[in-house]
Every structure is written in structure tokens, then in C-alpha cells.
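Got some structures for you, see below.
After this come two complexes, each holding chain A, first together with chain B and then together with chain C.
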Partner chain A sequence: MSVIEMKLEREVTADTIKIEARKVQVHYGQNHALKDVDVDILAKTVTAFIGPSGCGKSTFLRCLNRMNDTVASAKVTGSILLDGADIYDPRVDPVQLRAKVGMVFQKPNPFPKSIYDNVAYGPKIHGLTRSKAELDEVVESCLRKAALWNEVKDRLQSPGTGLSGGQQQRLCIARAIATSPEVLLMDEPCSALDPIATAQVEELIDELRSQFSVVIVTHSMQQAARVSQRTAFFHLGNLVEYGETGTIFTNPKDPRTESYITGRIG
Partner chain B sequence: MNTERHIASAFDRDLEGVQALVVKMGGLVEAALSDAAMALEMRDEALAERVRAQDTAIDALEAQVNDECLRLIATRAPAATDLRVVLTVMKIAASLERCGDYAKNLAKRSLVLNKMHSVEGATGSIRRMARQVGLLLKDALDAFIHRDVELAASVRQQDRDVDQMYTALFREFLTHMMEDPRNISACMHLHFIAKNIERVGDHATTIAEQVIFLATGQLPSEPRPKADSVNMGEV
Partner chain C sequence: MSLGLLFLILLALCTAGYMIARSRAVTSARGDTRVLHSLPAFHGRFAALAMILPAVAILIVWLVVESFALRGVALSHLSPEDVPDGASMDLVMADVTRIAEGLGKLQAAGVDLAPLTADPAALKARFSEAGFAQGGDPTPHTIAAAVSMRDTAATSRLALSVVAIAASLAGLGLVLRRITPEFRARNATEFVSMGLLIGASLIAVLTTVGIVASLASETIRFFQLYPAWDFFFSADWNPKFGGGSSLGIWPLIWGTLYVSVIALLVAVPVGLFSAVYLAEYASKRTRGIVKPLIEILAGIPTIVYGLFALVTVGPLLRDWIAIPMGFGNSSSSVMTAGLVMGIMVIPFVSSLSDDIINAVPQSLRDGSLGLGATPSETIRQVVLPAALPGIVGAVLLAASRAIGETMIVVLGAGAAAQLSLNPFEAMTTVTVKIVSQLTGDTEFNSPETLVAFALGLTLFVLTLMLNIIALIIVRKYREQYE
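And then the complex of A and B:
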């Protein structure tokens, strides 16, 4: 492979900004959880948030689809623009927003419904399909994108909770992408999975990048290094460093980043 | 340079261990080079044989460095400075192994030269050059131990002096050969020796560049001064 090709491989396909966050601050009551975070999340890019527990990375992730609205004590200030539009504008319906900015959680949490209904739920409530045939198509294509179709196509009516952990997580990903989101937020999506299921989810993340912006919070630095093109390091509520993943892992600028990724501070 | 310890202290021990191996290797190579030059000048066959035998130890150390680095990469997934330490250590070990070979080759040629008439002044000049290069090697390794970018940069600069010594010797040997064809055999050997010592200087420069990469994350960009252009027509 030539030098030029290798460079292209690493390059981000689109340099358009999908989410622009400026001076984002979050307070949980007295606790100042996030301090003046400025970051541009690029379109069609996997962005990893890393940092020790309590550094604010999950808090920030939850700001991106207003999940913090559900926490009574949380106060979010600053601006977060999705395609240039403020997501904290009072006219924005958070439910509609979350259809555009989907989320996958640490523990697979399928609905106590059939595999089919788990995926069909979002398109149904948002009225995205007009017929049963169209819904069938959406379910199949999402399960295929989540690399789960071949394993479940003969038992779509079985309960989603009966699947293995890795399959459940891929089902949750299929569910999250069923509403055709533009951004997919993943909060430690692999921490409950074995290495094979983890590899499958990582492969999936890489494929999803051609259609979505993916933002992943992970405690595994190797995972961040493997799947992302951009990495942001959070520490004590500050965004310490944000840049190209290869640079962050080989030659970080900030000594706090260096200490964290080399295993010197927890 | 990050002076904090790893949370996993075994990681620190592994990294320190592999660096200690390289420093040990460096010591053996410095000794081999100066002993070989001494053996040449003093016509000391026993010393030359010892240098040849010692090279196995240098080779074994390089293999050990590579094994340890392989294990470190596989088990610790080093990043940032830690990753640069591992890569640098492997490259320095490879350079030192080459230098060890050059010293061994010098020792071998000294045994051949012992059976010939001495070329006036040549072995003394070679020993001075070997001493100079040995100092460069020592500085490069000291720069590695202390992550001393300035010292590493000065090694790069000083390699020019070695190149000039080589060019001077080249002309000297050429003159001897033209004066008396019976000198040709000895001078050919001496010339190879001088060239090999000059190569050791280049390896010292490589090591110094690796130290700069280790400390800063970037290889030095400006070209280093060169003075080894030998003009074949001009004696």
C-alpha cells in the first residue's frame, strides 16, 4: 500500500461539522460536572470520548440528545448546535431530537417484546412507515446493518430478551438505527460483551460511520484507538485534548492525556 | 519526559528492564570498538580474538531486547511515550548490533594486518578515529539514558568531524598505495576499517535521532551537516 493510500484510509471522509458545542457547562445541583466544553463533532466520523470515571464524558454525551433533561437536578448551559440548529431551543421536541440522535447504552436493554417489535417500535411511534411491508423492510435492513439478521431471521417473534448478551446489544443498535438517526451515541456499548461480540460491534461501528456520526464513550483505550478517527480526553469535567486519534495515542500534547493513555493516572 | 509511575508497577519494571539491556549492549559495543582499535595498533592477537568472541554476547542481547519488546507490545499495548520507548529501544539495539559487527570485523582484519608490513602512522590515526566515534556513541547513549535532546543534537553535529577524519584517511591510504604498490593489500584492509568506523559514527547519529524522536515525538527535520564526500579525482 502506498503512503498516499494509507493517509486516505485514516482521513475523515467529510470535514463538515455535525454537532457544534460551545461553552457547555453542566451542574448536577452543587456539583459542577462539566466546564466550558467546546467541541466540533464531525459528520461521518467516529468520535471517542475517553477519561477516568467521573470526568464528564458520559455527562457530555447525554447533553447531545438532551438525556440530561430527565435528571431533575441537572442544569445545562452553553450551546449545542446540530446542523447549525440549537437543540436546546424551547421549540425543539426532545423526543423528535432523540429520533435523530439515537443512543445505545452500556447494558443491552431490549424491550420485553419480540425481536421484530424491538426494532419496529421506533418507526411505528414516529410514523415513519406506511405499510406492514415497508415496516418489514426497515426491520430487516436494520437487523442486517446490525449484523444480526442471519442469526435471528427465523425467530423474529421470539422475545428479544432471550438473545445472548452480544446479540441483545446488536438488537439495541438495530433499534437505535431504525429511526434513521443522523448521530448515534454509544455509552460503553461493549463493556458487558465478550471479545467476539465486542469485535462484531466494533466492526458494525466502522460500517455505520458511512451513514452516521458515531460518538462512543469507552473505558477501553484500545477500543477508542481501534474504532475512532477523533478522540476527546476528558478529565475532572474539562475537555483536556481533542484531536486525530492516531496523534492522541502516539504523541498527545497535554501531559494529562499522556498520563491517562499510558496508564499513569486513573 | 513523564516521570510519573504506571499504576501497574510491573509495566515500569518491564520498560526499565528493556532499557537497561540496551544500555548494557551499548557498553559492550563501546568496549569492543576501543579494544579492536587497540588490538590493531598494538598487534595484540589475543585481544582481537576476545573482541571477536564478545560479539556473540552483543548479538544475544539484541535478540533479548527484541523478545522483550515483542512481549511488551503484546501484553501492555504501550501508547505515546511508552510506545516510543519500545520502538526506539528496538532501533537502537539494531544499530548497536551493527556497530558490534563492525568492531568484530576490525578485529578480524587486524589479525590479517598483523601478518603484513605496517603502514606508517595508519593504525594510530585509526585508533584516534575509533576513540572519537566511541565518544559519539557514548554521548548518544547518555542522551538516551537522560532523554537529553541537546546532547543528541550535538552528536548529530559532531558526526561531521568523523566524516572529515575518514576523508583524510582515505587520501592518506591512496597516497601510500601510489607511492608503493606493496602497500595496496594493507591499505585496502585499513580503508575498510576506516569506512566501517565511519559507519559506526552514522549509527551513533541514528541513535541520537531516535533519542530526539523519543523525547519529542518527532524526528529532527533539518538535515545534518555532511562532510564525507570523497572526490575520486582529487588526492
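And then the complex of A and C:
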């Protein structure tokens, strides 16, 4: 570990690798969903996964915090290193891992609790705060980071399910960052939102980049182009191309990537 | 004409009406069914409904009126002298009905009735020979009443058949005149379907109203004979059929609540935990095996549970717990009945809760697990709160079952009405006492039997209050969670 840390120290000025995935394969029963994926996710960067439906991008995202463990038929092989440590090592507790690698889902899924309790959920179960005052601070700062504080500060005790769709999704983001994760995974976070709410969330993602590394799965290529610095294109379970977002969109190397971003396959 | 035959004729007419109306619809469209507003089958169906519904309505009304009319006809032949000492007009009327039935059977067997109706002794001998049930000896008056009852009934049935068939034919006629390509037969049949559905739900509601009304009327009679104050505020239950009973409800209510609370203390944790296991942890295979096994518990007749309580659980508790710990030596006890009843209602809690927990969206679980919560934290803090309204409903259903349970209490807890805190003491419940007050003596005119209705009504109000409380709880949380 210490060797890796030293290595990271040296590279901190360059692009620090947060997650290093090598030869990742996923099988759902007989279905080979993901084939030999190698990706390096950089720290403090927004990485977008694009590709047609069923290409494996969400599957890969769910590998990064071991959410696939909750699917009985899923089998993951290969290695995924978070800060140099294998997250599929039997000694790693997936529960602890998920606190470090937070996740925001496609459909806003606030808990049937108050707005306050939704955000306080993570800090409470992980014992991150020592006093009520400290918890209040965490809740406020997370809601501020999620650009929701001004809209809900007067009704923190009303149910989170009563918010509008865009507000709910920002609440879920606030909830995810309340456990102070190092990586934030977002699975099509804007697909259930209207354009205004989408714009708010995208702006938020850009701000989050200063503290976390963000991985976002999206169907919208404009969104990938707007929010991400790096883009990975998946097709039929393969990682086709991965690189600078600008390069992928303006000068793709693979003909399949070009076909997809110009709308010929999808 | 018998009712069965009439019904068959009506059905045949309806089928014919269906065919006629359908082909009439096709003809009205000159063979091109596309110009019809409704498919030909809808026209047919509408005709069939227009034929059967008025006929059935007439049938029902007619039969009700007929039974009163027949009684009137028979009564006109009888006078107060025909009622023997110690009997009532109702008993004589029962004889008349039996004679009329007997005559009908003899006639069906091809016997000439004229000599028999003229001679009561011969009729009695003939009835005995044929093995018919008889009440008092037939007299010329009762025979005359029976004969005229039969004649009237025959005339009435014939008239009924004519009227019913005429009504259905009239219905067909009206429908056939309305058949045009524009006629909205489809919407009209829809209207009739709705009427049928409303009728079905009305039956359920009216039955409840009827049950409550009959309970209430008997209860009022009870309170005319026995002071309500003593019933509701006395702690002594000691019915004596010779009179001078004390009928205080409290020992019974106490027994009911005590047994039900013990049953719920067993059933709610066991049922809820097994539901959580089945819904959240068990593999699909395990769930497929275990869930039906638990549901088998719900299919065991309660008398079998009663036997289990009587033969196994009761002696076991007495020998291993009650006697060693000095709680008494009764093998029937509140604890026995409560434990066994608890086992009986486990499937109500577990099966319903399991369905409800499964209905909680997976996205909530993912959200919680994705924040690094363990499965049990997720269940406690997210899944169960979201499923709470349904779980409360399941528990309330179990409570209603427990409160209304009789057999297990009879065999497990005994029949001694008493107020005691000791769970190893024999006690009894409201339902058991309703049964014991009503079996044997069937005359509903003493407070000792009528008290059963007051007990029943009290029980009804008790469960109703439970349901209302549950509804309030559910509504309160539903507002918060949805």
C-alpha cells in the first residue's frame, strides 16, 4: 500500500489514476455482458460512459462499487483497483466500499423519510458525525453542494418523496455525497428529468468534479460532451474506445465510435 | 310448470333471441358489419339481457308474493279450533305444508288423490306406508287447506310461467325494433354489466347491514330483560338457566384480549421475521419451498389446532412450566390457547407481509445499499418503514382472526369465565360463551340465551374499532410515505 501511495504522491500533479480496471468480464448466467474491459478512471475528472442500450456500460458501472453482488446470477472476473487496492479482494467489505464509491441511480429514489433524514442516512449508519449539530452541518453542506439548500431549507422535515423529480434527484446526489465518497457513480442520472432539471444536475456534476471523481453513464451524447473530460464508448459488451472527450467526439479512431456519435448505430 | 322447466324455457328463448337479434343486426347493415356501431354479437347479447332480466325480476317478486298468498289461502280454511292445546298456528301450518308436499309426491307417483283427501285416516295410513314425515294427524280442515294451497300454487305457477315468458318475448320485441346500424348495443350491454357489478357489491354490503340489524334487534330484546349496566360493568359471569344469572361481560372480554395478545406476541415477531427472511434473504428456490409450507398452516382446520392444544401443548406447559414454577396445575390455560392460536395466525402475518415487502421498489434497496448500508440496516430503516401500512394491515387481520377464534379456546383454554392475570389459569372468551349459551336450549326468550347476541354485537364493535384504528394508522403513515 505504501509503495502505491508513494507512486500516487509523485503522480498527483499529472493525471492521478483513481480506479484501474483490467480485463473485467461480467457474466449474467449464460449471458456474457462485459468482455475484457480495461479502463483507468482519473481522480477529479468526469468520465462518461456512452453506448447503445445493452452495451454493458451500466453493468461496468455497477462493478465499480460491487452493486452487482446484489444480483445473484452476476459473476465478475478481472481486477478493479481503487487507489491500487483490489475491490474484489475477499478481505474487502463491499459495504465499506460502497461508502467510498457512492452511487446515484437512473430514477430518483429518495427514501420514504424526511429530506433531512434522507441526507443524514449515510452519515448516521457510518457514524460519521459525533453530535446533532455536526450532523446538521453535514446535511446543510451536502444540500448546498447539491444546489438544493435554498429550495428546501424551510421544509427539511417534510418527506423527500414530495419534491419534484429534479429536486428528488438532487436530493439523491446530496444523499450520496453525504458519506463523503471518493468516487461518485451516476447511472443515467438525468434520464427521468426535464431539460431544466437536467441542466441543474449537469451544472452540479461540473462542480462536484473539484472534490470527487465522477463516472456518469448517459444516453445523451450532448450530455457526455458537455459534462465529461474523458469518454468511454461501449458496444456489445466491449470497450471500443476510451480517451479525451474532445478527441472521441471530434476525431474518433474506431469506425464504430464514429457511426454511433453520428447517429448511424444506436 | 316447475321452476326448473320455466328456467330452461327462458334460457332457450334467450338463445333464440340472441341469434335473431344478431342476424337482424347483420341484415340492418345489409351484410356489411363494418357500418354497425356495435358488433352483431353485442346486439345479440343486448337482446338476451333484455329478455332474461325482466323475466328473472318478475320471477323473484312473484315467488315472494306467492309465499304470502299461499299462507293466506291455507289460513282461510283454518279456524282457532283447529289449533290443538299446547300448539300454535305455526305448527298447524307446518302440518298443512307437509300434507301438501305429501300429496304432491303421491300424485307424482300416480296415486288417485280423491279418496284419500276425503278420508283423513286413509291419508295418514297412506303417508305412513310411503314413509313421509308427519306432524299432527290430518284433519278435514288441514287437508282442505293443503288441497287449496296446492291448487292455488299450481295456478300461480302457470300464471307465472305465462307472465315471465310474455315479458321476455316483449323484451325481445322492443329490442328488435331498436336494432339499427347506429344503435349502441355495445354501450348498452356495458351499462348492464355495470349494473351486475353494483348488484354484487350491494349483496355484500346489505348482508353486513342485515347481520348487524339482526344482532342489534336481539340485543335490544336482551337489554329489555337484563340491565345493560350489569352487562357492561359487572365482573361476574355466572349464567343460571333457572334465572338469577349474572351476565357481566368483563371476564369474557378479558379472556378474549388476553388470549389474542399472547397469540399476537407469538405471531407478529415470528411471522414478520420469516417474511423478512423470505422476501430479502432467501433464494428464489428456498422461497418457493418455504412459503407454501408456511401457508399450509393457514389451511389446517382450527379444530385440529384445538386438539394439538388439548393433547400436546396444554399438558406440556402444565408439566414443564406451570407446576414447577407454581402457577397452578390446569392443563387448559390462556397460555396454551394463545400459543397455539399464535401459530395458527403466523401465515396471515408472514404471507401478507412478504407480499408487501416484495412490493417495496428495488430502487429504494439499491439506494440504501449504494450508500454502504448493510442489508439489515436497509430493511430496518428503509424497507420496513415503507412497508409499514401494509404490515399493520396484516397484523390487524391476524388480530381479527385471533379475536374471533373459538375452537382453539374451547379445547385449549377451557370454559371457565374468570378475571385473572395468571396466564396458566383456565379462562374463556366471548366466542366460546356465545356457543355455550346457544347450544342446547333453542328458545330465544330468556336473557341467558339472548345474551349471546349482545356478546356477538360487542365482539363486532370491538373488531370494528380495531379496524378503524388500523385504518387511521395506515392513513397517517401513507400520507407521510407516499
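Note that the second predicted complex is superposed on the first by the 252 of 266 C-alpha atoms of A that agree within 3 Å, B and C clash if a C-alpha of one lies under 4 Å from a C-alpha of the other, contacts with A are read in each partner's own complex, and residues count from 1 in each chain.
Methods note: a residue touches a chain if its C-beta (ideal position, glycine included) is under 8 Å from a C-beta of that chain, and two chains touch if they have at least 3 such contacts.
Values in this document were obtained by computation on a predicted structure and should not be read as measured data.
K.L.:
Would you sort A:Pro112 into first (chain B), second (chain C), both or neither based on which partner it touches?
P.N.:
Touch partner of A:Pro112: chain C, not chain B.
K.L.:
Kindly classify A:Leu135 by the partners it touches after superposition: chain B alone (first), chain C alone (second), both, or neither?
P.N.:
So A:Leu135 meets neither chain B nor chain C here.
K.L.:
Counting only touches as set out at the top, which of chain B and chain C does A:Tyr121 meet: first, second, both, neither?
P.N.:
Touch status of A:Tyr121: second partner only.
K.L.:
So which one touches more of the residues on chain A, chain B or chain C?
P.N.:
The larger set of chain A residues in touch belongs to C.
K.L.:
So, A:Leu184: does it touch chain B (first), chain C (second), both, or neither?
P.N.:
Touch partners of A:Leu184: none, neither chain B nor chain C.
K.L.:
With the two complexes superposed on chain A, say which partner A:Glu258 touches: chain B (first), chain C (second), both, or neither.
P.N.:
Once the two structures are laid over each other on A, A:Glu258 reaches chain B alone.
K.L.:
For A:Gly102, is the partner it touches chain B (first), chain C (second), both, or none of the two (neither)?
P.N.:
The second partner, chain C, only.
K.L.:
According to the stated criteria, A:Val201 is in contact with first (chain B), second (chain C), both, or neither; which is it?
P.N.:
A:Val201 contacts neither chain B nor chain C.
K.L.:
Overlap of the chain B and chain C footprints on chain A, residue-wise?
P.N.:
On chain A, the chain B and chain C contacts do not overlap at all.
K.L.:
Could you pull out which chain A residues touch chain B in their complex?
P.N.:
My answer: residues 221-222, 225, 249-252, 255, 258-259, 261-266.
K.L.:
Which of the residues in chain C end up touching chain A in this complex?
P.N.:
Listed in rising order, the residues are 283-284, 361, 363-374, 377, 381-382, 385-386, 480-482.
K.L.:
If we count contacts the way the header does, which residues on chain A are in touch with chain C in the complex?
P.N.:
Of all residues in chain A, those touching chain C are 65, 67, 70, 72, 95-100, 102-103, 105, 107, 109-113, 121-122, 125-126, 159, 161, 172, 175-176, 179.
K.L.:
Under the touch definition given earlier, write down the residues of chain B that touch chain A in their complex.
P.N.:
2, 4-8, 11, 77-84, 217-218
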